[in-house]
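Letters A, B and C name the chains as they come in the text, with residue numbers starting at 1 for each one.
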Amino acid sequence: MSRLGTWTPTTVEERLDRMESHAAIRQLPYRYALALDSRDMDALVDLFVPDVQVGRDATGREALKEWFTNTMRRMRTSVHFIGNHIIDFDDADHAHGIVYCRDELEQPETQEWEVGMLQYWDSYVRVQGEWCFQRRRFHRWYIVDALTRPSHGAGVDDGGRALTTHQLPEAFPSWDRFWSSLDRSNRE
Amino acid sequence: MSRLGTWTPTTVEERLDRMESHAAIRQLPYRYALALDSRDMDALVDLFVPDVQVGRDATGREALKEWFTNTMRRMRTSVHFIGNHIIDFDDADHAHGIVYCRDELEQPETQEWEVGMLQYWDSYVRVQGEWCFQRRRFHRWYIVDALTRPSHGAGVDDGGRALTTHQLPEAFPSWDRFWSSLDRSNRE
Amino acid sequence: MSRLGTWTPTTVEERLDRMESHAAIRQLPYRYALALDSRDMDALVDLFVPDVQVGRDATGREALKEWFTNTMRRMRTSVHFIGNHIIDFDDADHAHGIVYCRDELEQPETQEWEVGMLQYWDSYVRVQGEWCFQRRRFHRWYIVDALTRPSHGAGVDDGGRALTTHQLPEAFPSWDRFWSSLDRSNRE
């Protein structure tokens, strides 16, 4: 497996196409964050596949727009600051990736300015020539007020969160393996 | 409009050239931040077009170097940490973009270590084969001391700032539209 | 020198290859951070050249894995959030770069949640078709507990650090030049 995923293109056309796809996929989380922070809900849902799954029972961009609108009206300022973006191509039209994000959320009710660290575990697909999010799954280390020291799992399980959020670092399959192998070598 | 802007290249040469341009433009804010944080003023102004506008009355890299020197001598350590970079191509030689930045500034006079979140709204142009900033406009959510909770607009209007700085999130045209449409639907 | 380094490819094949290399090199620090934060030590050391230098006396990925394991077992949660990545190509198979990183480290012994700002000064080489880190040198502005105001050099010289860490901003050759030239112009 190369640094760009398991799929390896062969022709010049395929190789150039992969570079264009890579650039387009890099733009997806950047455009997601900007659309969210500027509350441009149409631009936001346009980044997802037309038949995007929304919760258990709904699909489509209109349903997703309603969901995002209801979520983002509860807070004021939001800043989604994007860092690391690992991308793995599965084939010419499919890829998956992990995105690091530091989010800040102004909460008028509690007067808090929340700051968190999370990861999106993404899948991407090309639909009619345009790369889209197929799915984003939320994984979070913590979210706390700006004047609170972060701690393991802080804020992750709060009932108010609208989405299933997985706990980091335990969600990494390699995390337990690392500590288990240390335990074994300590006993030996 | 695609994920890479309104301009779509057609030939292999144009497509490859756009990928090289994309990579070069991605480097611009990274190199800007490094030049600023290392106080390499020649490298810094070399990233701008030769006839860059400096304030109302001056132009050129020498004038810009003087301006940056006067600004950056007032503080000590600076860290410009770059995140999201949205890029839209207008044609083969013109593009515009938005860059997220988390800046840290050591202020010897006040003994503060300021931390802020801002955006650069950029335009890029290729001059004699080299991509340059044509203009960077500053938009800021806040800048506060590291031990102060951020709040809406905190620090943005301080008289000491040398540049016109626009207030986020209000500078987003979509921001008001979002809240207005919510108000309308609440009244209905 | 262009925005992508001193080496300039000429043929379409070379140009396309450079774009693929650029994308692969961009992935290196992202994959390094993810491997570290998920404690996937095999994935981590696979990003380095097979004969990587480890300290003064050891070489190879197994030695590096042991070193990283001993370092990362002392802390729990780690978050390596990657920003700016400056890349300069030296030739088709060699490049060097600078990476900004904001790291967070949960320290069970002190009950602290450390937050720091650092740079990696990297060299990259292509070995058997795969881009690798040849060397990463650590340069740090500071590392402090989340509730402590950062300050110049804070935490950098702590005896507990296992690696030579250079102090920023003094490690920038341009830093002294800037202040010296200001002193000179003040005396004139």
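To be clear about the criterion, contacts are C-beta pairs under 8 Å (C-beta built on N, C-alpha and C of every residue); 3 or more make two chains touch, one makes a residue touch a chain.
Computed from a predicted model, the values in this text were never measured in an experiment.
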item: Contact graph of the chains (line, ring, star, complete, other); value: complete
item: Same or different contact residues where chain C meets its copy chain A, judged by the half mark; value: different
item: Chain B onto chain C, rotation angle from CA fit, given as a multiple of 5 degrees; value: 120
item: Distance between chain centroids, defined by C-alpha means - chain A, chain C (Å); value: 24
item: Residues of chain A touching at least two other chains; value: 12, 16, 19, 83, 102, 147
item: Chain A-facing residues of chain C, complex; value: 12-13, 16, 19-20, 23-24, 27-31, 33-34, 37-41, 43, 69, 72-73, 76-83, 102, 104, 106, 112-113, 129-131, 145-147
item: Chain B residues within the chain A interface of the complex; value: 2-4, 12, 15-16, 18-19, 22, 83-87, 98, 100, 102, 117, 141, 147, 149-152, 168-169, 172-175, 177-179, 182
